[in-house]
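Listed next: structures, encoded as structure tokens.
Both complexes shown next keep subunit A, but they swap its partner, so subunit B is in the first and subunit C is in the second.
Moving on, here comes the complex of A and B:
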């Protein structure tokens, strides 16, 4: 149902998205049957394609060329995909989006090679765009995302983190890629610089809201809807915003400790999730997400009228209310 | 004197690569990432031999060093369990080094090289996957696989920057050294891209080494553009491995 809603939001740009989807499939064609299978397996597992749609919409504010837009969109989605394959190795995850992960279906080595292969294809696609600013931004974005992940590992299982640490981490982990999706879309279509700034900030604020909601859903949603066990972030040693609000709660502390040392039983996991849901932490985290969402909507208000602006508004509203 | 100068250039290059890929958390927690000095030698050979060497070529060569460091990191990932902090950071360090290589090339607007190198990196990962799933079933396929994996980025660099005549040397020596190291000395080393539980037919390896030795002999004879000192250096790389002059 939710997925259907998102598809409806993309309706006006369906043709462009279908072209990008085909380009994505084409870009991961490989002489290695395993890489081909693993890459297509990943592509077909779906995803919201939020990065490609942000590129398309941002490009609509300049001189739109689907061919160039597709190259940028494909590159961003591939980088995202490659990082997911490697994340599953790091987190030892067997399931993602309800599908078996590459590392689980094959092994860690195949997952490393597949991720590296997909990453190389992202650069091959981007290499056709001969605009220096595009490459510099794309390179910086990739490095910052990676830096964010390195810091996340360094902070893993550390309970002395602050909300500021969390916000800085999700900025790198998610918001930057969405912000860059907007900025790169605008740059490749030679959009006016004042509009580029608004789009970049919109992507950033929307990305922050998106990740906070994602972290809320990790606690409030079901294993079935998530396609992985609810509470996975905690089980992997990552403190998210709702948990930061109750990490010092005396009743919650034993759950936290046992999540981090890997001794939490299945029943305790369920009890822990119920406890967080009823603690008020979810509402506090949602309020932070709403602040970012409002800021995102303010940035959209500054953009010229048109279908892209309308779609951005609808997507922002969806991000705030999404259930998956 | 010439030897001293060469060593100095290679050391400087390795320091530059290490400086470029530096990341404090990775450096603190991950075993030191090494840059192979033989690979560095073949990358820098045109410059050492007196060819015109621009700053853009130098940046591209450092970018190749970052790619090799990324490969090295990802080849160290355990087949079934990468959940220790060190392994997790090793995964991310490889991604970080890959990002550095791209940033270096992006800073020079080297679009042609970005395109061709990324294709080569893709081909290397394809070859590693093929090798991992099924070991090569003949000396020709073994040479092809090891050559793509070991020399691919360097030959791509030499090709892009117009140093084609140096390619046969790198194409012969780099797989030769890998095959020798992997089998004669440290049997497990080739398992970095093959499964550790499978072993190659040693007859294929011996035949591949003989074929590569012949290739190297021809490449050295043809390399009349190379200063005698470097011809000898390349011979010296192979002599200790096979106990006979080439």
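Moving on, here comes the complex of A and C:
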């Protein structure tokens, strides 16, 4: 049902999204067959294209030019894709969204350079936009994402983390890119500066909620819907919000340790998931997500009425309820 | 003796280079201790800072502003550094310039993200330069370098390469970044467009010569001077120009095969180096380098007289004669 809702929502902007999708494909064309194949493989594995959607919607509050909007949207989606390829190397992941990862289908070296190539294409995609603030914000966003990924490595397989550590990590991992998607969309359409702040903050709060829900789904959803094993975050050594609420539980501790040292059996993984799901940790994490979502909705209220505002509201509602 | 000459040459611009060096150190500051350590380790391992020098000299033909020149110089040196960190992952190299590599001192994952971090810092370093052409050219340069690195992987351990393959590879690996160093230096100081082309071509030709000499030195120099084993290119599966001239020699072939499959003994490595050195292949490669150097010097002739022109001539002479 949620899936349908998302498609309906996107329908209003389907033409513009289709154009962006084409530009995305065009952007990863390359004379090197390996790069082209690896990039297209990645592109076709899909994703929700939330960053392009945020760019489109935010741009609607200014003077909308599809051509410029598409450049920014392509750039941001490419940055996201590139960071996923590198994440898969770090996590040694074989599957993502039901598709083999680049590092699994090819190898780590190809994945590293495919990521580098896509990062570079992200740069050239909006290289000719003549608004200095756009380049500055884009550069700062990339930097923070990279810092976030190193922090993620620092934290990996460490059990002495706090909720504060987690929130800082997902801010850099997800919220900043969504926040910048809104802000860059607004900037490229030269939106009135009084609105830019609300859009940026909306993206940030929605991004925080989105990532928390994502981390909840990693526990509550099925392998099939996730396109990878449920509990992957734990198996990869990442402590997420629901798990932080249960990590000191004496019955849970052995599962945590075995997840982190790679000795968890398949049966134990299933037991562990059942245990977390029934522990109340999910509800606590959901409550934090709801706070962020509330804040996101408050920011939307400040925006001028129109289709874009309506769509942002629907997206916020979708994030709160999504099951995949 | 050459070392002395390089230092003398750089002396005229020592103050500006020192400022750029400070900015480089500042640029890799990070709240993550691992990133800071890995980046500083890399920075302190040194290098000739040829990219910053090219930026400074090219800028001298326009309206020189050290602050802007430093931003571009820092960006380009960081791109170079980042690509080296990722190269070391690909080549599985433990030593570079006599220092442990990041991937050896830490691990491949840290090296990948340190590279990503440094790439991002390269972006922010010149993020606020308000000349659209600068961002566009920078983005295109990064893209070509990445493509070059994937081609390098494609070619690795393949013996059926041509000289044309080699020249295209080093164009992307080295010459383009030096060419862009000159062009970006010229652009940022708003140099007369009639000169920009000569500067760009000078950088390109000098870069080709520089890389060929680098590849010759990998065969003719000592482990000590190189800071890594002589013959490393071969051991890493890279065919360079001197080796291309001898690769079908029947006595050489077994060495080549054993280099590429990793079974070459230490004694055979030494025999192989002696064999290449005495084969005439070095002279042939040197002759190609000289042709590029001649072209580089021709481009310099077209430039207005002054200290910068003199310095470019000295650099060209240094490239032709360098022993390290």
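FYI, the second predicted complex is superposed on the first by the 322 of 324 C-alpha atoms of A that agree within 3 Å, B and C clash if a C-alpha of one lies under 4 Å from a C-alpha of the other, contacts with A are read in each partner's own complex, and residues count from 1 in each chain.
Basically, a residue touches a chain if its C-beta (ideal position, glycine included) is under 8 Å from a C-beta of that chain, and two chains touch if they have at least 3 such contacts.
As the structure is a prediction and not an experimental result, all values here were calculated from the model.
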{"item": "Simultaneous placement of subunit C and subunit B on subunit A, clash or fit", "value": "clash"}
{"item": "First, second, both or neither for A:132, with subunit B first and subunit C second", "value": "both"}
{"item": "Contacts of A:226 with subunit B and subunit C, given as first, second, both or neither", "value": "neither"}
{"item": "First (subunit B), second (subunit C), both or neither touched by A:70", "value": "neither"}
{"item": "Which of subunit B and subunit C A:149 touches, first, second, both or neither", "value": "both"}
{"item": "Overlapping contact positions on subunit A, where the subunit C interface meets the subunit B interface", "value": "30-32, 34-35, 86, 89-90, 108-110, 112-117, 119-121, 123-124, 127-128, 130, 132, 135-136, 138-140, 142-143, 146-147, 149-151, 153-154"}
{"item": "Subunit A contact footprint on subunit B (complex, rising order)", "value": "23, 25-26, 29, 70, 74, 77-83, 85, 88-89, 91-96, 98-100, 102-103, 106-107, 109, 111, 114-115, 117-119, 121-123, 125-130, 132-133"}
{"item": "Of all residues in subunit C, those that touch subunit A in their complex", "value": "30-32, 34-35, 86, 89-90, 108-110, 112-117, 119-121, 123-124, 127-130, 132, 135-136, 138-140, 142-143, 145-147, 149-151, 153-154"}
{"item": "Complex contact set, residues of subunit A against subunit B", "value": "30-32, 34-35, 83, 86, 89-92, 107-110, 112-117, 119-124, 126-128, 130, 132, 135-136, 138-140, 142-143, 146-147, 149-151, 153-154, 156"}
